[in-house]
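I've put the structures underneath this note.
The following pair of complexes shares a single chain, chain A, combined with chain B in the former and chain C in the latter.
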Partner chain A sequence: MVYPAARLVQASLSQYSVTGLYQGWVGPRNYARLLQQEALATVVMNTVVWVAVIVAVTLLISLALAQLLDKRFPGRRLVRWALIVPWAASLIMTSKLFVWIYDYYFGILNPLLQSLGVLAHPVDWLGDDSTVMGAMIAVGVFVSLPFTSYVLLAGLQTIPVDVYEAARVDGASAWRTYRSVTLPLLRPALLVAAVLNIIYVFNSFPIVWTLNDRNPGFGHDTMITYMYKIAFKSSLRDVGLAAALGVVNVALILVAVVVYLRTVRWQEPEA
Partner chain B sequence: MIAPRRALGQLGLAGVGTLLALAFLAPYLVMLLTAAKPEAELRVSPPRLTPLDWQWSNLLAVLLDGDFQTWLRVSLIVAIASMALVVVAAVPAAYYTARHRFRGRTAFLFLVLVTQMFSPTSLVVGLHREFFELDLINTYTALILTNAAFNLAFAIWILRAFFASIPREIEEAAAVDGCGRVRVLCRIVLPLSLPGLVTAAIFAFIAAWNEYIVALTLMTDPDKKPLTVGVTSYVTAYVQHWNSLFAASIIAIVPVVVLFALIERYLVGGLTAGSVK
Partner chain C sequence: MRRLMPAVLLSLAIALLATACDRGPGAKGGGVASIKVVIADYSKDNTGPFWRSLSETYTKQTGVKVDLQVIDWNSIDQQVTTMIQNNQPPDVLNLNSFSSYAKDGLLHSAEDVLSAKTRDDFLAAFARGGEYQGKLYGFPILSSARAFFYNKSLFAKASIAAPPKTWDEFVKAAQRIKALGKDSIGYALPLGPEEAQAEWSIWMWNNGGDWKSGGQWAIDSEKNLQTLKFLADLANKHKVTQVNPGKTNRTDGAFQLFKDGKVGMVMGFSPLAKQLDAESKVDYGVTEMPTNIGAAVTLGVEDYLMAFKKKGNQEAVTKFLDLYYQPENITRWITAEGFLPVTRSGLDQMRSNPKLQPYLDALPNAKLVPTTDPAWDKVKLDVQQNIGLAVQPGGNPKQVLDQLQKNATAAGGR
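Up next is the complex of A and B:
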């Protein structure tokens, strides 16, 4: 864990040939070159949109899902099991599945939306520049929902019943109770879910890697897939440059981790 | 009036719940139905949801496919070995931190927590350099070590919580009866924290089973690819065996969903490292 991190920093300060041979120490030059990459601005913007939209939408839907799962009703176990599937399934296989569902000619999504009257013409979801990001974000939300809902559900279950009773005695409406009692008490769980999701979504690789596979260039890449392409796939094959971006990525995650630890006020657990 | 309204509310909730369950399962239903289609039916326009000719033998064909058997073997070796390594390393670490206060204990637990937040993804370039220089590209060792290292944190956290909840008095009583440290651990502590042990083991297994990016980077030899990387070769720019890809995916996904359902109760506590009770 510490060792690859150290190798990453060292690699970011070195130069490598396209076949991966070490060619010497170059100091911070890789970082300067990183800033000159034309695609960088687009990639950073994509990353911001990717993380912000997925986390926000996931949290909103998960709030409703957790509320539902907190109630007792026949078949609740079934819903919980269904929710587990996208969580347990391999992300790469789920991503491939969505490539098939989104497919312009043979995917089931276009005819489904057309028969519902939502679409007049089929859309090339993963080939069209205007839809590919949205299509990827939808999959991102889909796979982030289970974990987030479970965290919020755990938070809901810590709220004691008597505060709800007190609110009812005071004559508060359901919505008022939710806003003034549930949400404030759910704050710690919400913060945990938000920060962990930011880290997970930022690190997410298979979805963008698979769904964006057909499109040339770096137009829809996030910082993680961009790094991977620089190192192993594109014509650049530049380990030093990729390592420099890798260091930036790790630094960003570290910032998120620090924020996380401060929000949960991490303390040494009692033995 | 109250009773019928409650019954109606229950029915409404059950209805919404069923719709939700369907929404989450729908994509995987498409996976299952596509896996049962004959090759020729993959390219009909407009596409159909269900196969005309149900060809469940696709699943068997994949199981008998030599490539698939190789990927499955690699996945099993890597997942079981990482699981064993995680359990062997996590039990003493968790037991020691649960029972003793020592210098650097806070720092140790902190480090464990931080590793949990990092996925190997952000470090993949460094990992590749590391194993390239150690000449461990295309070896099980590299993949097993990486998987074990990144899943150790979850195991330590969940086991620590279980160990800490066992009253010291039981262990002391056993010690009075003449049990040594190791015997106390094996005879008393481990059986009492069996759910934690099972959860840690299953979680490590699933994480290694589903891992993609490190395997994609380190295992370039076709004989050394695990399922996650291998199955993607059913659909490339040149061949499109979507039915085989999804048949293989179903075989890979069903067991882990069942395992996951078993440990569901303990997952959130472990993944949020004690910050949400």
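Up next is the complex of A and C:
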């Protein structure tokens, strides 16, 4: 990991021509230019929304799913397997599938919602500026659920049965038991799931890239797709500048990793 | 860790791009034992098989091995940039741009690697389109020309007698098709990032505008503003286009809708005709672009082969290019892919195909985008990323063109 990281830093301090030819050392100039990019504020805002909403919604749904999967019911094994599917499928294939589901003319989402009476008119989910981010976030949640649910399920199964018995003896209601017994004991698993998801979701490239490829400009890009566009798909066509953003991205991930490691250490005495 | 991987790989890729300066020249002295050939993937069925068989023939004839890489269009820019940064450029590269590479001094010129016979066989317009500072660096590999496609069944239903020749007729035809019902689209306008510069060029030229005037960028000209407003009106005032034309790509957007029979008119090219014929779902006609200036102009697209300067590779590269430009090889491949010739001998051979008639007729009057200017590589991306914004509701055509002009002028300065 050290060698590529050093290379990334080196690239961020260099200038390259459109073709990729090295043109010399420019010091921190790329970082200064990065701050001057008009799109940067929008992209950072998008990234915050993208990460925060996906992680929050994923955790909420996964809590419910984990609870469900922890109970015994006929067909549980089947449901458990089915939940893995979005995780096992390639992210690009999943994203392409959703492109067709969302399509204005050929997609199945519009007819479905119209026949249910939810929508009066079809919506161009991936073209309308007000729905693109929501549509992408939905896919992000969809592919994040399996991992998160299984982490929380594992967490649930580490909770000893006797604490529930104690709660029952004390006459606690189901909701009270969940809030006062399950959630506190699930906290280590929740923290692990949250921090890992923040890293995954922040780094996610295929979903935004595939669902947003029809949209001009940088209005719906995250810092990861923006980095790629700076390097290869925008008029900047500048690998040095992209590397500078890459360094910033890696630094943000490192912060998340440090938080994660401290979280793990913090929970050890409790476990 | 699956979801972490793309970003890590991306970061690594960019990191690896940085290794350019450290390594010495890649090749050893004397002749080379192998050459790296990078080809863009035009179609899964034809591109790989043709180049593999050509490489085998080449190795049999010369004993030089070929490291062939067929790369899809979405990632070829990225991969080639990486190769050059790693100081491992290909020996032969196929791409839709060349002048930035010529400007950086990376290329052999035609005199060094093409026989006089091959050089003389190029159609003049395409040879000119591969020149940088008076020398041929971008060798024409194949060409295509856009043509105007219309759905004959929809035209009959809307009682439109003939395809439109002028912009006024075009708007009327589009309105009549639109009036057929809520699922009918008059004209499919793809101004999303995939190929917006092509669609824009055709409309721009058919209103008498151009990319440049007297050697200077003229993107913000009065004529061009008029054209862009016309396109915005198609979407927002006449409402004869598909939904969100500024956010529709060509291949999976406009073409898909036309192939499905929903669309009255679209600008296509010969590979689209091939797909339509294969599906035989839509009864279509092909004709000249509607024009606002009397004589229809179309867009010709020329892709290139380039030979990179690497120590000792001149002879091996010359032999490889010579083999591709044998009339039977180049024409066999261009025909299989459904594209158009770039050589006189190829043009003579392909004239016999009546299906290609409309495109071959258009070819002599086709205009090319300014690929000979190294700034074009940036201007093209700028247009792709921004022009669609001008035709969205509330878009500002003047502001978009002014910004493009400003960026183009700045890109030329560097």
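Points to keep in mind about this one:
The rule is short, and it goes like this: the second predicted complex is superposed on the first by the 265 of 271 C-alpha atoms of A that agree within 3 Å, B and C clash if a C-alpha of one lies under 4 Å from a C-alpha of the other, contacts with A are read in each partner's own complex, and residues count from 1 in each chain.
The rule we apply is simple: contacts are C-beta pairs under 8 Å (C-beta built on N, C-alpha and C of every residue); 3 or more make two chains touch, one makes a residue touch a chain.
Being a predicted model, the structure only gives us computed values, none of them experimental.
On the shared subunit chain A, the superposed partners chain B and chain C overlap sterically.
By the touch criterion defined above, A:V250 reaches both chain B and chain C.
Of the two partner chains placed around the shared chain by superposition, neither chain B nor chain C is touched by A:Y226. By the touch criterion stated above, A:V201 is placed in contact with chain C alone, chain B being left untouched. Within the superposed three-chain model, A:Y105 lies in touch with chain B and with chain C [touch as defined at top]. Within the superposed three-chain model, A:P216 lies in touch with chain C and out of touch with chain B [touch as defined at top].
Once the two complexes are overlaid on the shared chain, A:W50 sits clear of chain B and of chain C alike.
In the superposed pair of complexes, A:G127 makes contact with chain C only, with no contact to chain B. Here chain B and chain C are compared by how many residues of chain A each touches, and B touches more.
Within the superposed three-chain model, A:R237 lies in touch with chain C and out of touch with chain B [touch as defined at top]. In the three-chain superposition model, chain A touches both chain B and chain C at residues 4-8, 11, 20, 87, 91, 105-106, 199-200, 203-206, 224, 227-228, 231-232, 239, 242-243, 246, 249-250.
Against chain B, the residues of chain A that register as touching in their complex are 1, 3-9, 11, 20, 65, 68, 71, 73-76, 78-94, 96-98, 100-101, 105-108, 111, 142, 145-147, 150-151, 153-155, 158, 188-189, 192, 196, 199-200, 203-206, 224, 227-228, 231-232, 239, 242-243, 246, 249-250, 253, 256-257, 260-261, 264, 266, 268-271.
Within the complex formed with chain A, the chain B residues making contact are 10, 13-14, 16-18, 20-22, 24-25, 27-28, 30-31, 34, 42-47, 49, 97-101, 105-106, 109-110, 113-115, 117-119, 121-130, 132-133, 149-150, 160, 164, 206, 209-210, 212-213, 217, 227-229, 231-232, 235, 242, 245-246, 249, 252-253, 256-257, 259-261, 264, 267-269, 271-272, 274-277. Residue ranges of chain A in contact with chain C, taken from their complex: 4-8, 10-11, 14, 16-22, 87, 91, 99, 104-106, 124, 126-128, 143, 199-206, 213-218, 224, 227-229, 231-237, 239, 242-243, 246, 249-250. On the side of chain C, the complex with chain A involves touching residues 2-4, 6-8, 10-12, 14-21, 77-78, 80-85, 100-101, 103-104, 106, 191-194, 196, 242-244, 246-249, 252-253, 256-257, 260, 262, 374, 377-379, 381-382, 384-389, 407, 411.
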